[in-house]
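One chain, chain A, appears in both complexes that follow, with chain B as partner in the first and chain C in the second.
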Partner chain A sequence: MTILSAKFLVFVLVALAIYYILPRRLQNLFLLIASYYYYSTWLRWYPLLLLAQTAIVFGLGHWLYRSVKSKRVILWLGILFNVGILLWFLVGGTYLKGVLEINASNARTILPLLVLPVGASYYALNGISYLIDINLKLSKPTSNFVDFALYLAWFPKLISGPLERARKFLPQLAEKRTVDDEALASNLTLILVGLFRASLLGGLLTLFLPAIPLQDPASHGALVLLWALVTYMFYLYNQFAGYTDIARGVSGLFGIQLSRNFNAPFFSKDVSDFWTRWHISLSQWLRDYIYMPVSRAFLRKNPSRANIPNLIVPPLVTMLISGLWHGADWNHLVWGALMGLLIMFENIRMLSRPAQAEASIPLWRRILSRSWLILLMAASTVPFVLDLKQTYVFFARIVKGWDGVMFDLRPAAAVILSLLVDWFQQRGKDELVFRKWPFWAQAILLALIPLAVIVITKLQSAPPVFVYP
Partner chain B sequence: MDRNEVLQKIRAFTLKELLKNLDYPLKDDEPLFSSGLIDSFAMAQVGVFIETEFDLYIPDPELTVENMDTVALIADKVLAGLAER
Partner chain C sequence: MNWSEKRVSLKFQHPRLSLGATALVIFILTCLLAEIVARAPFIQAQIPYQAYGINHTQLELQLNLLNKYAREKGAPDCFIFGSSQAFRETDPAAFERFYETVSGEKVNCYNFGVTGSQIWSTSLLSEILIRKYQPRLVVIGTSFLDYTEGREQDINERYLKNDWLRYQTGAFNLNGWLTEHSYAWRALTILSYAAPYGMRYGEVVRGARKWDGEIADNGFALSDVSVNPSLPVETGFVKNLQKEFGDFGVSERNLDALEHLISFSQQAGAQVLIAEMTYHPALLELKDRHGQPRADKALILAFIDKVNARLRDIAKNHGVPFLEAESSVSIPDTGWYDLYHLNRVGAEVFSEWLGGQAARLLGPLPTRSSSEGN
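Coming up: the complex of A and B.
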């Protein structure tokens, strides 16, 4: 049951109706049952894995909290348990699929044990951060198993995040939740913005099929490929950001707030800044639990800013792990290494360049640097989207394929609209800035967006597929 | 250690090690990271500086722009940590 489906809409409406009838003490239990039901619609055995993982991390959390002498051992046990499950599916599963003879008769039995369950990469990271935070004394383990299980399983965030920290999420489950008129309007606006991004902009970009040249780079010129790449990146962005906005809006209707996951990433000043605005919850997780501990370990030996290992190792390690998390194959590792190298170069460049407040930089330089960043990030996305052989072909065509072939400019409308939405949100310093618009403008948007979504969905030959891992 | 002393040490560190400009007219409530004056890469340096100067460990998830964006906010965090000991 994908979030952009009529089934999901019915599921949410029924869940809301039951949720608001139930007394407070049964609401969390009901949301847990609803979340496990939702998960079972993806594959029947998924909830079993989630339940087992939940019980083990819950137990480890209490053991870790009470232990005096074995804290480090228990923490590493918990980390290795969660990472182990991910590695089993990401690496072991991929390897075994090649070794085992899979045919039509045994595929139904074998494949589910080898393919990473949707959402597993998210609840594994949630489990790890829960244990680390207990070890750092940032939070205490909850004694309520239902609440903890709901923290890992909460259906709006289960499949694709955002990644939530237990210390922010669990207190919301412990208190009485109310959704007043203001919160209702804000959450419905979030859902509408999400629909605009995922269905309308994502749909427009699918309709014009800008990504087709990427499937066969050898047959297209450099300009066509570059344009396809830029539009594909905007497609990924709007689909993922829209998905998250809908998830956050739906969660908010139950009175549970989820974190913002995107903040106008194409208005970033550099690559490091980009990663504080794109998939924010994952970037922050990587920063808090990988980048910072590694960087501080190097700085303790030499606190100088020009500490060479500190300039190189933390960004590379962090982005390589990010690559592995996105997919256990060589192209995702190359993508991670590329991102790490870009951040490393930025860190080195910072040594010789005095810091400058953003407001003091001339507008033309800001526009130029952002345009360059979009191209740079698009180019770095190639190994994220294509395998290594096709990546090589792609860049070979970029170097030699300047044969002046005309390309389809229609997706530009969606790209401009996407930047415009970001610009309004960035300028207003508020993702719900549209609620401050005049009443008539809001009314037009409210009428036009669902209508446009319906028209574009009808025009599409196939329903949208959520492509981000 | 009083607040003024903590503020003075953090200000001196920011000017010398992060801004590399001792003449910069830095205000205690001036945003450092969110304004782009200092890149977020420097946050780990702030964490290690607090460890060595105040013998206080601030966990990595607490070293956020929200918590540490100004000299005054950093001082508050340090004073709160020292008070908890």
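Coming up: the complex of A and C.
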């Protein structure tokens, strides 16, 4: 049951109706059951893995909190347990898929044991951060198993995040929650913005098939490939950001706030800034649990600002781990290394050229630097999207393939619309800036966005043309 | 604990109903405007055919032509249902002519043969059209190719998932309802066919234009293409025998569909004729492209015998005639579109024979009340 489906809408409406009827002591339990049901719609056995992982992390959290002498051992046990599950699927599963003879009759039994369950990479990180926070005494383990299980399983964030910290999420479950006019309007606006991004802009970009040239870079010229990459980047952004906005809006309707995950990333001034605006909850997780500890280790030895190893190693390690989290293969590792190198160069450059105040930079230079950044991030995304062989072909074509073939300009409409939405949010310093627009403008948006979503969904619904055999 | 006090609560004091109401009005007005625009002659001129979401060009063109036929000539008295074989082999004009010559009764026939279909999908479409037009005669053009298991799923899935067809069979759904009633929705549907081409609508128009002049107003294929049947041709299904025949089992699902279609037609008050569509004897020589007989020839011949025996039983059980394509129908060598389809020349000969046989075997057709079939 994907978030952009009629089934999900019905599921949410039914869940909301039951939720608001139930007495509070049953509400969290109900949300947990609803979340497990939702997870089971992806694959029936998924909830079992989640439940097992939940029980073990819950137990480890208490053990860690009470332990005096074995804290470090217990913490590493917890980290290795969560990472181990990911490694089993990402590395072991991938290897075994190549070794085992999988056919139509045994695929249903074997494949679920080898393919990473959707959402597993998210609740593994949630489990790790929960244990580290207890170890650092930033939070106490909860004694309420239902609340903890709901923290890992909460259905709006289960599949694609955002990654939440237990210390922010669990108190919300314990407190009295109220959904008033303001919350209702804000969350519905978030859902509408999410629909606009995921269904309309993402859908439009899908219809123009930006990924086609990327699937076969050898057959396309440089200009076509670069444009395909940029439009594909915008497609990824709008799909993911839209999906998160809908998840946050849905969660908000239940009175549970989730963190913002995207903040106009294409208006970033550099790569480091980009990563504070793109998949923010993951970036913050990596910053707090990978970057900072590694950096602190270097700074303990040499607290100087010009500590070169501290400028190089933490970003590289962090982004390599980010790459592995996205996919345990060479191309994701290369992508992580590329990102790490870019941040590293920025760190070193900052030593000689401190950051300039934004207001003092001429507009044309700002536009140029943003455009360059979009292109740079898009180019760095190549190994994220393609395997290494195709990545090489892609860049070879970028260097040699200037054949003058013009790209398809139509997706530019969606790209410009996407940038406009970001611009309004950025300028208004409010992701719900649209609520401040005049009444008529709001009414038109409220009417036309669902209509446009219906149109785009319809356009994507046709079966391929029937070809007489 | 006070249960009601501790409940997570909704507190709405000033819900923005006016905003919602205004948006709803704008939504409805925009939909109405889109419908008016879609009905404008200029827009309709850009649309090659009314689309029903099946994305089967020939089938959807047939539906369009049938609507036009019914508007201009009234509901057909007789339908010829079947696959591409029925589509290419049965010329309603020749059928009508010989039927009238033998029986003295004038009938208007429409050929609703659909390329790629098997009897299950034929049955589904036929039921919808019989219910709508109440014909007096139903000719089911069939052959062993309707009962192979290998291709069963190809087109059936497409039919099963189509909301308009589900709506037509009584399962209400919004998409089906909109497809039936809204020009704007159908315009959007045909636009959606451009999605696999990166939204290049010209490709859809080009696909539709390929059928220009290929289908007569009465639904019959107007092909003049001719092959020399004496040359070894590995054509159509012969190329993909495994895909077509699977394990050489007879599709019980399709046989059930045939029985269902016969019963439904009879209940609707129509006479039924099962007619085996013809194929060239060279087809059964089953040679590969090098002119050598295929190793699985015996299996295929046994399959055909098995199917025909079952068809005879079904026809007998329902009291309807089963006309087997006889070698006495001498199709001229220039009458073959390929080894198992006729072109216009061959179809005329075959349809005249079929019309005459139908008139002899069926007797007078039931009369239709004036309210039916409109």
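Quick note on the criterion: the second predicted complex is superposed on the first by the 459 of 469 C-alpha atoms of A that agree within 3 Å, B and C clash if a C-alpha of one lies under 4 Å from a C-alpha of the other, contacts with A are read in each partner's own complex, and residues count from 1 in each chain.
The rule is simple: a contact is a pair of C-beta atoms (placed from the backbone, for glycine too) under 8 Å apart; a residue touches a chain by one contact, two chains touch by 3 or more.
Fair warning: this is a prediction, and the values are worked out from it, not measured in the lab.
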Fit or clash between chain C and chain B when superposed on chain A: fit
Partner chain in contact with A:Val455 - chain B first, chain C second, else both or neither: second
Partner chain in contact with A:Trp437 - chain B first, chain C second, else both or neither: neither
Residue contacts with chain A in the superposition, chain B compared against chain C: C
Touched partner set for A:Arg165, first chain B, second chain C, both or neither: first
Touched partner set for A:Asp180, first chain B, second chain C, both or neither: second
First, second, both or neither for A:Leu446, with chain B first and chain C second: second
Shortest span in Å between Cα atoms of chain B and of chain C, once chain A is used as the common reference: 30
Overlap of the chain B and chain C footprints on chain A, listed as residue numbers: none
Partner chain A, residues of chain B touching it in the complex: 17-21, 35-45, 47-49, 51-52, 59-63
For the chain A and chain C complex, residues of the former touching the latter: 19-20, 22-25, 27, 176-181, 184-185, 207-209, 212, 254-255, 408, 410, 439-440, 442-444, 446-448, 450-451, 455, 458-466, 468-469
Chain A-touching residues of chain C, taken from the complex the two chains share: 1, 3-4, 6-16, 19-20, 22-27, 30-31, 53-59, 84, 115-116, 151, 154-155, 158, 161, 185, 188-189, 191-193, 195-196, 198-199, 207, 236-237, 240, 243-244
Chain B-touching residues of chain A, taken from the complex the two chains share: 133, 136-138, 165, 269, 272, 276, 287-289, 291-293, 295-296, 299-300, 303, 305, 310, 314, 346-347, 350, 354-359
